[in-house]
Each structure stands twice: as structure tokens, then as C-alpha cells.
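Two complexes come next, and they have one chain in common, chain A, joined by chain B in the first and chain C in the second.
What follows is the complex of A and B.
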């Protein structure tokens, strides 16, 4: 099986019980290979923290102030790549969960370096078009791919207006337990869902704060007191391809 | 009208040689699929820029042609034109064979073809793709049912009712196929509702062209008479479909040219796109529409059988060019994430996507075509699909 990793175990209540249960299930799977697919699906469902975590009372979002983002800085890209275990070696088949796009206004010459990743749309076209439901949106707005039911049809890649998804075209190694990846399936930014479930910020946001220009603000868009909501209230921001009315969770300030 | 007698085709040496050749092509396609699955799509020309390649071109062409191949049967059963009745069984058979060929390619090009069971058991009903899975499998079932009532004398009286179901089903099916592209609002070369009816007209032309070619080949190989009247009737219909397709292409591109947001994508397809522009004008427009009409209707060739054959070949080649232009050209044009801005990135933003078909992709596509022909040939050999004679009345 191409897939080797699973998302991190959900934190909090029931964690120890889950560990025991997993050990038991692991033994059972070895002795009864026929039930293996069902077992791994169960483990995945628990790993996503679907039971305990995602709540519609929260909408995770990201605000990127492009005036603070330097063209020469790739801290967010490097952090995402090393945390989630994907590599870009410059080939057109290589995955890029996040990239820096140099955007220049041809009239004024104003230019900005803009990090682009999955925009975690409220009305995500990738979720709409996915035939099996592998592309899905959590209650808290994070858009993910269930690698267990992704058939690799790539229709989500055709539908995404942000080119945010990549297809795994070859055998890969070095997967991280919290970022399952596998040949023949589609992948993209998870907003570091495992870190969010653990109460941390996404890897790109952390890297930007420590090594970059502090251009990224992460938080709950539904909480008026959150840093992101206050920043959004203070300065105008835009959503990419706002004309499509997809209501992305990622917003930008200072675009040319 | 005289009684129609159907008979299986004879299995001469040439027949089995053709079967052998097709089996080889099919084996090559399956081998390609094996390597694509085990090594990965890295061995294809596809990338994160052009995610659907040559297999999709063949698959979409065959699936679109499949619904069109049912035309002849529909004209006989639904619209009551008795002259087409002797051709109805072959029409239904071709529809099923072409669809199976196209679906086989589509499934084997999946990143995880081993998860076909997942695709059949997990449905997201907001997805037109999911609907298409049901529409395609349903089409095979409905057309099979239709063939049964046509071939079983006791059930013949139901053929109009079942034929109507199959006809409506095929219209919905091709609407679904066109909508796979038409509903992609993110990509400027698509994003038009007119793609759904345009795909229906494409299906009418491609399906009938293949039907004519198979009919001419089968009658010639089996020394069965094929009357001029029958052939000329089909030819005129194909000419009308080719003209209809040109009309839809005209309206499609005029509509897009009128909207400023599409101007870049339109310029790419219509005059600045290199091979995609050539494929559009020379392939889709000239070979797919203009040349067949000239061959069919220019006075010196009006009664020429060779012109009918070459005109049909031209529709097929032009059709493949059009589907390539739609599927690949539509993806090659970069997404407009920052409208009006100049963009560049390590992920090829703002750059026309590069794509060159690889050998495994072509082998898989041709393997699917071989499967469709193989199914047709073996069915013709095993069951009475083809009339003993299609000579004109009175001959």
C-alpha cells in the first residue's frame, strides 16, 4: 500500500483508550488481512479528530499581509515542506502545497511576493466536484483530502481556481505520520490540521513569525476578539478570485 | 417493406488476423496501464499543470462517440423512420462497445484504479463526475435492454418505449460529459453552459462517422450488399451534424470573445496557441467540419462511396483534434488567480503548461479503442446484429 502515514492521534479525552484500541486493532489486522481496509479507515476517522474536534462555531482563517512578505524569503514554503514531508525539486510533477507567486501590476510596476496555498474555501469547488467525497470540508472550514477514498481522478485539480493541489506521480518516502501521502492520490495544504487540533498554529505561520516578516496571521474568523478578526477589521483585505464567491478562508492585504 | 434477416458474420482468416491485431493493441494498453499504476504517472506526459492527458482525450472521444453511435437506432425506434431499422442493432452494439472502451481507459488512468470499488460505493451527489459514473453504467444497461427487445421477437413491440428511454438517457449522458468541462468555472477555456449541448452535437457527428465506417467495413468484408440509398442517407445526416458542430463552435467562441475576461484564453486557442491553434483550425474546423461537407456535397462526389468513407474518417480525425484541444489546450492555458497582473512562480503560474503525450498514454488510449472494436467484432461474430443485405429496396 502506497500510504504509510496517518494523522496524529487526537489530543484530550479518550487518547489512552484509543492507543489500546489501536494496538488491538493492529494485531487483529495482522491476523485477518481481509478486514484491514475497514480497520485503517476506522483509525483514520479517529485520527482526523472528527468525533471530538471540528466545530462549526470556529472558522479557521489566514490573513497574509503582502507588504511584509519579502520576495527573497521562503520560510513558509520551507517550513511546510519539511513539516509535511513533501519535496519540490523543480520538476513539473513535484508537489507544492504552498508557493510564492511574484505578482506585478503591469501599469504601476508595483510588485509583491504572495504565498499561495489551499484557500480553504467555504464553497470549495474541489469538494463539490469530488466523485467519492474524498475532498471534504471540516466543520471548522479546513478543506482536506481523505487519502483512503481518493481514487486519483484529479477532477479537484481541474476545478481548483488556485492551483492549490498536487498529484503524487511516483513512489514517495519520508512521509510524516501526521501528513499521509501516497502515490496516485491528490494532496494539498491541510492548514496543518494536526497542529491546529493540538492548539498550535500552522507551520508556515510559525516560520513566518520567527524567520520571516510576520506577514501571516492565523486565527478564528468567527471570533471578533481574535487577532485575525481585529486585523481584518482594521485594514481592507481581499480574497483571491473573489468574483467566484467561494468565500476562501485565506485573505490578503496589500496586493498590487 | 421486405423482411429483414440478420446473420452473424463469417470468421474468415482475415477476421481472426484482425482480432489478433486488436488483442495485441489491447495487451499493449493493459501493459501501459500496469506500468502507469506501478511506477506512477511520472512515466506519462502529465504534470501538476496538465493533469488530464492523452488517455482522457481518447476516453472522452469514445464516450461522446458512444452516445452518438446510438443515433441510427433512435431514428428508427423513436422517430419511426423504418429505413433505419435494419441498422438499429449495430447502432446499439457500437454504442455499448465504444462506451466500454472509453470507460476502460478512464478507469485505468486513475491514480488508484484499484479503488474502482470505492468509486462505485462512495457517491458525492453534488459531483457531476459521480452522476456520470451512474449515467455511464446505466447507459450500458439501458442500451443492453434496448438490444434485447430489438433482438427478441416477442419483445419487439416494446422497442419504441425502450428506445425512447435509451434516447433520453443518451441526451442526459452527453449533457453530463459536456458539463464536466462546462461547469469548471475556474478555467477560462471552459466555464460555458453551451459546452453541454455542444458535446451532444459532437456526439452526433463522431458517433455517426464511426457507425458509417464500421458499417462500410463490415459489409465490404462480409460481401453484404450496402445500398447507395442507405449510405447516402447516412452521409447527408453526417454532413448536417458536421455543419451543426461548426455552428456550435462558432457560437461558443463568439460568446467567449465577447467577454473581456476570456480574451486571453480565446487568443490562445484561436491564434496564439501554436499547436492548439493549428489543431483548432486545421483539425476541428477543417477536418472535422469543412472537408467532410465538401466531400459529401460537392457535385462530382455526391454519389461517391469513397468520399463517404474519407469524409467519415475526416470527421473522426477532426473530432479527436477537437477533443485534444478542449481537454489539453484548456488546461495548458494558465489559471487566472490574479486577473490583470503579471505573475511568476516555481509552480509555473502564468506560464502555458507544457504537455507532450508519452508512449504509455497513447498505448492506453489505443488499447481502449482496440477494446471497443474487439467487442464489436466478436459480438458481430456471435450474434445476428447485421442484416444479410442492406441493398436498396427493389434491388
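What follows is the complex of A and C.
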């Protein structure tokens, strides 16, 4: 059997249900019209209107200008932690969807503080090694863990050269409705996929722009007119460990 | 043939014993309380109630696949959407514990002895739906971001008409 990396699609119901639903929708729409035209119709349209999903015409990426990133600033880490509901208390197994790393050139002594998160590799080794298909890449390049399928084997953690993933080893509570996470599964930066699907920028990018040094640019790498593409074309940038040829979607400028 | 009444009585007793589980069940059933299902907040469910009773898990499986793998999110048809309508504060102002029978899902699941583990990962409290920004100003801040020269996000473009219709045709399973 060919490994497609996609889980079996869930089974649904037959034609008769479609008919049923159509009838129901008709009735519901009619009653909405009768009862409260403006409000109900709006709410109804929101409920039924399917948003378009992730498209392969887009590749989301991040550009981090390390010359603007101070080592004292942790705005991106704090924003990610509070938005996605994870806490790092300094224990070695604590989650770290994003972390600040200090890199220094031993020759010149030039030092930069660098935010590192999942690099959303185009050729992601975490996806390659995952035995269940839980690690996968969305059409728009975002690499995710489908926790419904993850068995917690942690192969992906070993395969990732950026230490981007962590394992939830304890029961947790108080998760955010938009960021489910729980014991026995592996997790990492999602590029705030729920916000992207809602047309917003990732929490770290937003925090960096407001409380940090405006070091992060987020956008579509496949759109030559996007700000990130223009910035990439204008100044030289590097991918971390480019020698591994994983083609990360996160790129850096101003590294020593 | 003097034993005939004894034999018949024995057979009748045997029959009664063999069918005992059925009779006992019938008696027990009339006596037991049906699950008390907490009322939802909304005017109507996203599907007919009778259909939902039987098929809610199919709908959940489909929206889960669409949201996680395809990025198609519908605020009402999602687990957080169900929770925000079906979970309310109790009389004491607190939300029901996720293990109590007052928690919407448990009302039936405990009655029929089905254990779900959705809420070991998912939030069991109503909150703003996926994609909303609770901590910061949401849309207003996105506008502010655009103003300071950060990229506003253009929704992904899909060529030619309704991609939903195409997906529906190509979907390997039927759509509830």
C-alpha cells in the first residue's frame, strides 16, 4: 500500500441525508427570513458559508530581521504562550513552541538573539518519519500535528533538526478553545493556523510589531508582491542549517 | 401420564427463566430515569435534532478533518461551536465539571456507558471561536498592523468557481 501520509477520511451518510438537510436548510432559511430578516440572515450566512481552505497557491513564511531583535525582548515568546495556552517553567520537558536563542560568531564576537520556532520545512523530516500520518504539511506549507492521530512516539522530535517540537507528558486543563493540546501527543508552532485561516497574522508577529522591535514579517512566499517576498528580494537572507536542504519557510536576516 | 402437570409446569418455569433477562430489562426500563439533557442556548441546532442524535459523531469527524487538514473552518459547525451553545453556567454561576452528568455530552454518554476523551485536549468551556483573538484587539489591531506596513493577509485564491462544490464531488465519503 502506498503511504500517502493522510489518514483515512471519515465516513459519512447517504443521499437521503442530503435531501433531509436541504429540506431543513430551506425551512430554516425561510423562518429566518420571516422572524428577523437582518440579524438572522447574517448569522445564518456565517454559519453555513464555508470558508475556502488552505491552498497550494500560497506558501506562508516568516522573515526575521535579527538586527532589530534585542536579546532582552521576549514579546513573541510571551504572546505565543498566552495565545496558545502553554507554559514553560524551565523544566527540560516543558513546551517551547518558540524560544529565543543567542548565537555568537566566535571569530568576530558578533552576537544576535534569534527567535526559533518550527521552520515549516518544505521537505519536513518530521512528516517523513511519522508512522501514523499525524505529522503533515498543509497545502499552504504549514506543518502541523493532527493530535487525533498522533500516538506520541516522538519520532518527529528526534527527526527535527531545530528542536521545534515538544511532548505533552502530563494531563493539562484550561486549554484555549482554538488551541487544543493534551497528554500523550507532540506539539509545535502551528504558525497560529487558526488566526491565518481567519485572515490574521500569527500572535508572535503581532506582538513583535507592537511590543517588540518589528523584526518579524509574515506573508505569502509565492506572491512576488507580498511584503515578505519584496524584503527577501531586496536583502540577503539565510535559512537555518540550509545545508540540510529542508527549505524552511522561516528565514533570517542579519545573522553573524 | 400422571406427571404431565409437573412436566408442563417445569417447562413453563424453564421458559420463564430463559426469557428472564428480557422481562427484567423491560421492568427495569420503565422504572429508570431518562437522561436529563441540559438545554442549549441557540434557537436551533446546525442539523435536525433527530439526525444529530444518531450522527453527531460523523459530523464531528468531518469538521475535524476539514479544519485540521484542509483549513476549512466554520465557527458554528465545530466542537468549540457545539460547546459554546450547549455548555452553560449552572445555578451557582459555575460551569459544570467535564466529568459531571450535568455536562451536555455526558448526559447521554454516561447513560449509555460511552466514554469520550475529546476534552483531555479540547476546551470544555464556551469561549470565542477559533480564529478570534481574545487577548488583543483582533481586527482593529490587524488594521493597525497594515498601517505600520506589516502584511495584511490576502485570503488564498482558488481558481475557478466553487472549490467547495469540487471538493464535494471528489470527496471519498458522503457529506452529512
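To be clear about the criterion, the second predicted complex is superposed on the first by the 204 of 256 C-alpha atoms of A that agree within 3 Å, B and C clash if a C-alpha of one lies under 4 Å from a C-alpha of the other, contacts with A are read in each partner's own complex, and residues count from 1 in each chain.
One rule holds in what follows: a contact is a pair of C-beta atoms (placed from the backbone, for glycine too) under 8 Å apart; a residue touches a chain by one contact, two chains touch by 3 or more.
Just so you know, these numbers come straight off a predicted model, no measurement behind them.
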| item | value |
| --- | --- |
| Which of chain B and chain C A:189 touches, first, second, both or neither | neither |
| Partner chain(s) touched by A:151 [first = chain B, second = chain C, both, neither] | first |
| Which partner, chain B or chain C, touches more chain A residues | C |
| Which superposed partner A:159 touches (first chain B, second chain C, both, neither) | first |
| First, second, both or neither for A:175, with chain B first and chain C second | second |
| Which of chain B and chain C A:138 touches, first, second, both or neither | second |
| First, second, both or neither for A:197, with chain B first and chain C second | second |
| Touched partner set for A:57, first chain B, second chain C, both or neither | second |
| Which superposed partner A:221 touches (first chain B, second chain C, both, neither) | neither |
| Chain B and chain C footprints on chain A, overlapping residues | 171, 183, 185 |
| Chain A-touching residues of chain B, taken from the complex the two chains share | 37, 39-42, 44, 46-49, 51-52, 110-113, 115-116, 118-119, 122-124, 126-130, 132-133, 180, 183-187, 331, 335-349, 353-354 |
| Contact set on chain C toward chain A in their complex | 44, 46-48, 51, 55, 58, 61-62, 64-66, 68-77, 80, 83-84, 120-123, 125-136, 138-139, 141-142, 144-145, 148-151, 153-159, 163-164, 171-176 |
| Chain A residues touching chain C - in the complex, by the definition given at the top | 6-7, 9-15, 17-18, 20-21, 24, 28, 46-55, 57-58, 79, 82-83, 136, 138-140, 144, 146-148, 171, 174-178, 180-183, 185, 193-201, 203, 205-206, 209-210, 214, 217-220, 223, 226-228 |
| Interfacial residue positions of chain A with respect to chain B in the complex | 88, 90-96, 99-106, 114, 116, 125, 127-134, 149-155, 157-163, 165-171, 183-186, 240-241, 244, 255-256 |
